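Letters A, B, C and D mark the chains as written, and numbering starts fresh at 1 in each.
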Amino acid sequence: MKIVYLDNNATTPLHPEVLEEMLPFLKEDFGNPSSLHQFGRKVKVKIDEAREKVAGIIGADPSEIVFTGGGSEADNLAIKGVAFASKEKGRHIITSQIEHHAVLNTCKYLERNGYRITYIPVDKYGMVKPEDVAEAISDDTILITIHHSNNEIGTIQPIKEISKIAEERGIIFHTDAVQSLGKLPLNVDDMGVTLLSVSAHKLNGPKGVGACYIRKGIRRLHPLINGGNQEMKRRAGTENVAGIIGFSKACEIASACMEEERERLISLRDKLQNGLTEKISHVRLNGHPTERLPTTLNMSFEYVEGETLMINLDLEGIAVSTGSACSSGSLEPSHVLVAMGIPYEVIHGSLRFSLGRENTEEDIERVLEVLPPIVEKVRKMSPLWEE
Amino acid sequence: MKIVYLDNNATTPLHPEVLEEMLPFLKEDFGNPSSLHQFGRKVKVKIDEAREKVAGIIGADPSEIVFTGGGSEADNLAIKGVAFASKEKGRHIITSQIEHHAVLNTCKYLERNGYRITYIPVDKYGMVKPEDVAEAISDDTILITIHHSNNEIGTIQPIKEISKIAEERGIIFHTDAVQSLGKLPLNVDDMGVTLLSVSAHKLNGPKGVGACYIRKGIRRLHPLINGGNQEMKRRAGTENVAGIIGFSKACEIASACMEEERERLISLRDKLQNGLTEKISHVRLNGHPTERLPTTLNMSFEYVEGETLMINLDLEGIAVSTGSACSSGSLEPSHVLVAMGIPYEVIHGSLRFSLGRENTEEDIERVLEVLPPIVEKVRKMSPLWEE
Amino acid sequence: MREEGLYSDKVMDHFENPRNVGKIEDADGVGTVGNPVCGDVMKLYLKIEDDTIIDAKFKTFGCGAAIATSSMITELIKGKKIEEIKEITNKTVTEALGGLPKNKLHCSVLAEEAVEAALKDYYEKRG
Amino acid sequence: MREEGLYSDKVMDHFENPRNVGKIEDADGVGTVGNPVCGDVMKLYLKIEDDTIIDAKFKTFGCGAAIATSSMITELIKGKKIEEIKEITNKTVTEALGGLPKNKLHCSVLAEEAVEAALKDYYEKRG
């Protein structure tokens, strides 16, 4: 049975060239970059090169890149870093209702600890309205954090408009671009962001490494992890050398074939979307019809429940997700789909197909062959379907 | 030229079997452990097994192990976790003057943010006196954090005595055991600790992964990284799967040959110490003569400066360190040696030789052959030597 | 070695090949429990003669555990006396399935409640 | 490709083969600067004839940069007139070495100060 992996928004397979690039650092080049002898210096140079590459893909200066232990850490560094450093200035933060939990739960944590959070609603496509952000600003607003694109539905936010508002009011603006890196062209100056989070394992890089872009000249930002002088004193700890090298290679590869890959993925995604819409009745698209990640298709199959579909697909060797894979063990309806005003029973029937570089036409054809009979079978079992 | 790596306290080469164990997770088994389909489930099981192994080596329950992005993160999680959660109860923390920067700078960070820190001094061997800790306790003491063994001088602290004091007074006790894991037998119950930090790359595991032991039933502890439900909600973020698997394998290997390896390393270390003492005049041991890590030898060569010796050794293919490699770029005299009351000019002439599993008799012989003429040459150049 | 499956083999068997799916047109008792807003919905049809369940069918909207417990309970009650099936609890069903993941235990309650509801309907219809 | 060395090749050359190490017994000017508690110490010996440095030797306790700058400055001043060497600053020395790491720039100041101190001693001795 051919295995079809369509959960690339949860995580992606490591690119073989990325692994190739990492291996020397898991073997002979094992030095600690802080060491002054040859073992350390050799690795230090490579970390500096990696920083340049990662900076390059988002139009940043290398000195503005802080490597972290993942996307969640980058989000926490940005948000808590600003919140803790600015607490005498103000304690109000603006975010959206559909952020990733790494942002949302960090805001909730701060809310329990003396900060005030405004959670901006979204429209039915999962889009934040910039004017809502403008209205929410008050004198004590210290941070606006709105993600670049959504991991569940793929909707891309109007970041430029929001950053303009933030800039006018002199407020720090952070964006979680974890799902966008390597898929969409990103430039920190064009976007006008002060802080930006990314994670390697979403673009065929290794798990457990990410980065936070921190604009030069930012007012104070507290580190999350104090200690040694690594990462310009913004993230202590011996560097995950192989991870950082792998991350930079993943950025390089993604950069090189972004335009081509984007077109290819959009065409596969749309083929899947159109095919499912044709072959199965009562399906709905969740997310924006056009302003959407090339990789992401979230659809609801009414009258049936998503996990049942997911398991049936899994038995056929097709991996997809229901709700957000990142909130493990959680059975609650996705907060993203709830915020979009989708009825609960429709949310329960949602599946996310997320594509990546290894997916082919055949993968899509296989889903289009396998899923319709599954939906039919499960609907026959559903007490809602007959009524 | 044979390369001799004697900087294993800075970092260690990855054990080939550890890499072997990691590779499947850098290739086909790339799933996100939170995913419910087969890719995720396969990896989830392995993470659970890894947690059991790491728990096993310190006598903990798997549910008490939280994987982190390294030793520094584990230290920050333990210390800030307690400090933030207990701030209404008290804001006094006791630590020692010779902690690793991951502890020391975290305490200093808290000190700048409304906490009161007592830095306990050490004796000339770098040993904390338990009675000093007892005396420092006040009504608002919420945490005692004293490391298990020192990375620069190898001195092993009287942890049991200190934990007894902490327990009697009902105070949370954390120990940074980063340098001890895999080298000394550790049991969290014997030691009586509430929290304990470890890091994989110090025992031939990968960089960028560590763990924090958090005793069951501990009063509230704030996570450092909020977000998804991973790690029992104590450390959000997609797991560094390959890193965690590698860490557990490193623990397994270290456990299996600990006693044997300890004896072997002590004999090598003592051979080096005795040889240098015999062949070079005006040398001093820094650290405790017996209560010391099997891996660690820190010596001062009077009238000369350490970096000069280090570079000369490096040119001969021998890697050692001066001061702590973890505080990169820092030129200040080691805070550890300063706290031990060693005169500054003697500190400047200190070298740390730290041994690991790849070192052999020949390595030691090479140092004993190469270093004496280097010291002689550099002393001839020194204006202090002639006087 | 730890279990790698999301559900036990028994659960997966009932999930993949659910027993007694469908509708009984002239059912003597019908029970519908749960609601699609909160999650699972189960509809249970019973055919009863001489205080004995001579047939049972179900339709379920829900996750794997909900479907497997629905299937299992129809198997457990078929051929049994009403008195007997009153003893059947969600624990009985869970055990018969060889256990459920902790976060899925609540699904088995649905099956127990469906039996109660269908019997209530049966008594009401009989007057 | 970035530089992998701790120091430039020029610095390493002067570090490995320092020029003019030693002592001049009948020096006309001797300058000692720095102190071992804070870090580097440099002792510079000058032999001066007709306002010209005809010989220079040094001893230095310090890091690689301190040793290399000591070596380089003796090379730079030898054969020069006193007037000329007054122009020599730590920048001259650093440049002659092809640069120093940023956190080592302070070491080159030591060399400049040693020349000043040795000349001061020379003037004092001459009365």
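Heads up, the rule we're going with is that contacts are C-beta pairs under 8 Å (C-beta built on N, C-alpha and C of every residue); 3 or more make two chains touch, one makes a residue touch a chain.
Keep in mind that this is a model prediction, so the values were computed, not measured.
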Given subunit B and subunit D, the chains that contact each of them: A
From subunit A, the most remote chain by mean C-alpha position: D
Which of A-C and B-C has more C-beta contact pairs: A-C
Chain centre separation (subunit B, subunit C; CA means) in Å: 56
Gap in Å, rounded to a whole number, between the CA centres of subunit D and subunit C: 91
Cα-centroid distance, subunit A relative to subunit B, in whole angstrom: 33
Rounded Å distance between subunit A and subunit C, as computed from the means of their C-alpha atoms: 40
Multi-partner residues of subunit A (each touching 2 or more other chains): 36, 307, 311, 329
Per-residue multi-chain contacts in subunit C, two or more chains: 6
Chains touching one another, given as label pairs in label order: A-B, A-C, A-D, B-C, B-D
Contact set on subunit B toward subunit A in their complex: 5, 7, 10-14, 19, 22, 26-28, 30-40, 68-73, 75-76, 84, 100-103, 105-106, 108-109, 113, 199, 201, 206-209, 222-230, 236-243, 307, 310-311, 313-314, 317, 319-322, 325-330
Contact footprint of subunit A on subunit D as seen in their complex: 2-6
Footprint of subunit C on subunit B - complex, ascending: 36, 41-42, 44-45, 48-49
Partner subunit A, residues of subunit C touching it in the complex: 6, 15-16, 18, 21, 23, 32, 36-43, 59-64, 66-67, 103
List of subunit B residues in touch with subunit D within their complex: 303-305, 307-308, 311, 315, 329, 331, 343-345, 348, 380-384, 386
